[in-house]
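Two complexes come next, and they have one chain in common, chain A, joined by chain B in the first and chain C in the second.
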Partner chain A sequence: MYHTVTWMLWLFAALLPAMLTRNPLYLATLLLAVAVAYNTIGRLSPMASSWGVFLKAGLILATLSVLFNLLTVHYGDTVMFTLPRLTLHLGRLAILDLGGQTTLESLAYGLTSGLSLVAILLIFATFNVLVDHHRLLRRTPAFLYQTGMITSIAVAFVPQMVSSLQEIREAQAIRGHRFRGIRNLLPLFVPLLTTGLERAIQLAESMEARGFGSVSTSRSKGRQTLQRVLIATALFGLLAAAFARSYYSSVPLASVLLALGSAALLVGTLMAIGRGVKRSRYHRELWRRRDTLVSIACFTSCAITAGFWLRNPNALFFYPYPRFSLPDFNAVIGLALLAVVTPVLAAPKMRRHNSD
Partner chain B sequence: MIELREVTYSYPDSELPVLRNLCLEVAEGEFLLVIGASGSGKSTLLRCFNGLVPHFYGGTFGGQIRVAGRDPLVEGPRGMSAAVGFVLQDPESQFVVDSVEDELAFAMENHNLEPSVMRKRVEEVLDQLNIAHLRHRKINTLSGGEKQRVAIGAVLSLQPEVLVLDEPTSQLDPQAAEEVLTTLQKLNSDLGLTIVLSEHRLERVVQYADRVMYLPGHGESPLIGLPSQVLMQVDLVPPLIQVAKELEWRPLPLTIKEGLPFARHLSAYLQHKQDSESNNHSPDMAPKAVVDVRDVWFSYNGHEALTGLSLSVAQAEFVALMGRNGSGKTTLLKHIVGLLRPDRGRVELWGENIRGRDVEDLASRIGYVPQNPGSVLFADTLRDELDFTRRSHGLPTGGYDNLLQRLHLSDFADSYPRDLSGGERQRAAMAAILVADPDVILLDEPTRGLDYEQKQSLAQFLRALQGEGKTVLMSTHDVELVAQCADRVAILGEGEIVVDGPTREVMSNSMVFSSQISKLFRDNRFIAVADVLRALER
Partner chain C sequence: MLLTVFAFVVASAGPATRALAQGTQRVGLVVKFSDGSVFTDCIDYTGPGMTGEDVLDQSGLSLVKDFSYGGLGAAICKIEHDGCNYPRQHCFCQCSGNGPCKYWAYFYLNQQEGVWVYSGMGASGHTVQAGDVEGWAWGNGEVGGSDVEPPLISFEELCPAPTATPDPSPPVVEFEADPGSIASGQCSTVRWSVKNAGIVTLNGAGVLPEDARYVCPEETQTFELIVLNAAGEYSYELTIEVAQPTATPPPTATPTAAPSSTPGVTSASPPSPTSTGISVEPASSPSAPPTPRPTVVAMARTATPSIASEEETDVAEPGDVAGVEATNTATVLSDPAHQETVGMDRILLLLGVGAGTLGFGTLAFIAITVLLVLIYVRARAQF
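Moving on to the complex of A and B:
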């Protein structure tokens, strides 16, 4: 397996072009590279089943994006066909304009957006399958660790809940219970909740008995209260700033300052709390030669993509309007994107390791 | 190592103390076995050692405790974690991270140990527990026994002076339990680790224990002493000791090996006595099959669970399904009640193929009691729970007082089912299924976490049901229960029936699926305590 840092670099190298480019050829290349990486090494991971879910979600979103563009965008010179037009009015304002002239350009734009959505989702899906979550968590800064730990435990509860839901559903079915309405859900919901709670209590006991938790901060009650107030204030500040941003079209300086100030307060408080928790981290990861190779490839790829983008942001962009033309393809960028496939190099070794 | 003085404790919302004026001393390197009926306060006592009681649970606590020179009352569970390793009953719900190696490191990370120290200790623990081959595995791919060993490793990495385990094997099958217990015995004898263990199935551990502590419950004062002394005075004992006490074998044998000379002697005597008696076997009539499973194949997630399994059960028969975890017992039961449908083959009930019939429909004639009673119970009172089942089947509510009485649940009719103790809950779940008065009763692992007395009364209850003409099919790991009540045993292996025959024959021919009494006498007339006593009475 690869080092967690290598995977983080890989994620960055894959996400950067996915975010920067809107060129369907680059996106398709990237998508292909990610799919190959998943197919050769991701399949071996116990998390592999989640990939399909991401893929399905991506395809649904992409279809929606294509349909939305086709039906609502009427720009572009190449009209493919004309649909009956439907306009929804709210007062005198037309709020939705469906159908009418359907252009090749809107199809191209919709497909490109869809492709970019699928690419981003699949990059995360592949990363999710390949990286070891706990090791990733250990890389987070100390003040986030506790929160991250608790979140990861909560996430781990979900599959357990799903399997106990199945068990409970069966148990109620064999009592002759048929589900007809909301009220009938009670025999499902109550056991699920109580079983989950019982499990949570046991886990809490087990964690406490192994010394989890902040020892030093729990000493002074006053300080604890202060920390809670500070966190609440910071969160409220962030919320207010977000609200201001969505309310006013131009972003007022005050709200930017508020957002920055609140964020600083939040991080500061969390760091202060984190300092109270003294805990070490168990690293036993090897940095192998293949990690160096993949890292160099990913780094070079990022540099090339960023270089092109900085010189001319439009070089990575594809804009089909007003008249459709084939997107450009620069072989250097295409090659750079293939860095995403490099982890495949170690596939034979990993397969051997897994079959042990 | 451990010293308790006049410890009294009651839980927050209860008047009655669980522990009252309890005194206990455990020496360094001792192996103490704590026994007692369910709800007698074993778990509470064990949780005092690391401060989970009263820190985690609240309640009122009196008296003094010292464990490894520290005071759990002052230090709390986190402070005690380096001195006391605590392992819970359920292997499923005590893991924090997803890989074995990280789980072993978790406690050390909490204690801020140097990475180099952690590296060294992880290696040590992996070797001590013989789990080095599991180090890269994900926790959810481990078997129950492996999980418990990892859980032990996860607390050993802090190098505690005392290891406390709360019924660590009660959720495991016999082979997995054996793995865990031999590991404990090794830790105790090789490393001199002090171990306090609570356990229901004494026959497996009593030979390892230096002393036994019996908690009678209700805050009464405990019995503490050498295993043979305590077991002499306690009713909750394994079959071997039951027979030995009945027949006054002295010194009290704790293992089959120790019991063999007595048994040889007795066999010779009985042989002599019974030579004249004829064996009156009831002639085998061929009654109609109620459940008929024919060549059923089933696989899920690429795993073949049933491979051409056939089984036929007649009216009023009592069949026990045995076999390793994952051999297909539960899958078979679920096929009979229609929760799972065969990929190939068919399941017939009363001569009719159940394909296309609803589970809800079948359930009125077939009662299936699942393994975990928690998945059944949801209502506010036990009465509501039973009425719910009756209504679901379109039956009039009420009319189950007799059933409650037979299951010793009359006193709990109006209590909240989830507040009941383990054994009571199990019976409540059973009542919730049986209240529909099914003709065929399927039980999945009904004895998990039950003590001897509860098992005894379960066996009697099931026998009585069979006497009324019900057909019972039970999957279990518990050979003693099978010896007491089943007529026939079917042993499954890899989705097939490997052995199928009368209980007496199967038990006397098998090394593993054989009760203590059967191992002792190796004679198919004796498989349960009652058999021996009956033979002597004649």
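Moving on to the complex of A and C:
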């Protein structure tokens, strides 16, 4: 429906505030916007049913974060209740300190951390469902072709497993199997394992049949070795530059020159490797007007968030300690977060279950 | 960051040193600032489980802490004027990995060898025992020999045994408010200075022997300073009169209700050590018979019938809205042509009241949430 580059921009526009802000109100808005995107356009994808699993995983993570924070942090002025305190000492070192005073502030901090985790998880879940993995793979730079291929297989693995798990569950339920305890899970996992192995073998065979991993004849053995040595040298140069910048800051020019030289060497070598990989295109993606609209919205959103982060970081920050106060909400940032739902607004009119 | 990283480097804390002076349960504290000045204090030991952070808290020094390390405990970002203003700055803002790395280094004294030991754990994780000495120094802290160690001061020097003052003499107390009487909404400074002090509490909370509090009471408030030393327990009271804004007492009311504007300074040394509850009135209060304070206040209230109506107007928004709406409906009745603008007025008024009570940010948040739900409802039918 949208261009792959548009989706990549969308991912960036959603991920940037999720990473930068610690304000629960912005995170809640972002979460809601992502949920709207998932439950509307995301439902066109065959993998859309994995939403519940991601949501559950996110909620478990958030609960753990809240519980951990509540039990281990005893700071904050507003004490809600006092639990029995459990402290383990190793000599004078308190290795474990649980319970005691439970404060509203630690609850707020735990909730914010949990919200941030859930937001990041759901953004990736939504991106996974929305983007076409094959098209995404085609966007990877040539030298990264093999890595990109493997990554895209890995990324598609979880949703595929979830959908096959549901299929097996349904099939077993039809046969009269009921899942009550751990023992009853065996008829679920055995078929899952065999399906997974079967799929892996099929994938390997089909990749081999298409010549994946074969070395092109133009690259001789000596040339390969040279390329590897050059990459290692360039990476070592970058490391040395970082080291020089930290410990010999009196001569900044040397570290900058070293870093630039190493980076140029790395890019050159990778481009040379990429030239060896030949890829054909059967189908060219179309860049439509709606792609332009969504891209502009995402870009503006990123600019606003980054602008606030650079100029007024306090607006994005929320810190409940030492005394809880309600977080601020800036309407400009709130509106910028709405860029996440622009793909929904700009989408063409269509009937139900009729994918583009 | 370094402090927390190092927390895992050194795990042993050395032998537990007990330099218990007879009958005292105290902990020494030495803080060295960047300008070389040194703060020392002797803190009461509160019992097992007291941590280095508690010691620092009770010293009365102003602290900025970073609690975002969760179970690792708090990081000390700033003590008094040295350090970083978390969360505006990073807690270890002068330690960015590039160049000098300054932070509050935390030490404890190994009293057997007479050396400072760089603490392998954060102050929240390090439990202290009575007789310990804790040290803090601003600068480049390092494990094993740091160039910013606090000066070596022994526990005996920090917390001299109380037998040094053999004759129990009553405390000499100065307890004053400046100004002694204020109007509602204004503030006053309560100062005290206690010589021969043991333990000093103000309204039940432990305080330093010589300190001040900036207070803004809404109503007449009494402060009670209790001094406990070897000679006994002494109690001092100080009342700050708060005049209600328009509630001028009628001339027939008791003259003592009119508060004095000069600060009450009292220097008192009570006659018998066992006496408690000695009330120290502001010195310049009139020589009228000592009426109990609460009664005076109550009389002043009942003497002014205007208080009730004043409170009603003070409540502001709900009352105001009712009032404005009433006038609006009046206009509607007289001129039906203005009906539309009145409706707009009402919406604007509601928005204004909403923004006033909830804050603009909360309203914006609610508006954006509603907008998202609307988008969802519309798009759901489409896909």
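Going forward, the second predicted complex is superposed on the first by the 217 of 356 C-alpha atoms of A that agree within 3 Å, B and C clash if a C-alpha of one lies under 4 Å from a C-alpha of the other, contacts with A are read in each partner's own complex, and residues count from 1 in each chain.
Everything below uses one rule, namely that a residue touches a chain if its C-beta (ideal position, glycine included) is under 8 Å from a C-beta of that chain, and two chains touch if they have at least 3 such contacts.
Predicted, not measured: the structure shown is a model, and the values here were computed from it.
A.B. asks: For A:33, select first, second, both or neither according to whether it touches chain B, chain C, the two together, or no partner.
C.D. replies: A:33: touches chain C, not chain B.
A.B. asks: Touch test for A:72: chain B only (first), chain C only (second), both, or neither?
C.D. replies: Only chain C; A:72 stays clear of chain B.
A.B. asks: Pick one for A:319: touches chain B only (first), chain C only (second), both, or neither.
C.D. replies: The answer is second: A:319 touches chain C but not chain B.
A.B. asks: Can you list the residues of chain A that touch chain B in one structure and chain C in the other?
C.D. replies: none
A.B. asks: Chain B touches which residues of chain A in the complex?
C.D. replies: That would be residues 46, 132-135, 149, 152-153, 156, 160, 164, 167-168, 170-178, 186-191, 194-195, 198-199, 202-213, 215, 278-284 of chain A.
A.B. asks: For chain A, which residues count as touching chain C in their complex?
C.D. replies: So the residues of chain A in touch with chain C come to 25, 28-29, 32-33, 35-36, 39-41, 43-44, 68-69, 72-73, 75-76, 87, 89-94, 97, 105, 109, 245-246, 249, 314, 317, 319, 321-322, 326, 328-331, 334-335, 337-338, 341, 344-345, 347, 349-350, 352.
A.B. asks: Quick check on the complex: what are the chain B residues that touch chain A?
C.D. replies: Per the touch definition, chain B meets chain A at residues 50, 52, 56, 77-82, 84-86, 88, 90, 92-99, 101-102, 105-115, 118-119, 122, 138, 140-141, 151, 154-155, 158, 334, 337, 339, 359-360, 363-364, 366-368, 370, 372, 374-379, 388-389, 392-394, 418, 432-433, 436.
A.B. asks: Residue numbers of chain C touching chain A in their complex, please.
C.D. replies: 11-13, 16, 49, 51, 65, 67-68, 70-71, 74, 87-88, 97-99, 120-121, 125-127, 359-362, 364-365, 367-369, 371-373, 375-376, 379-380, 382-383
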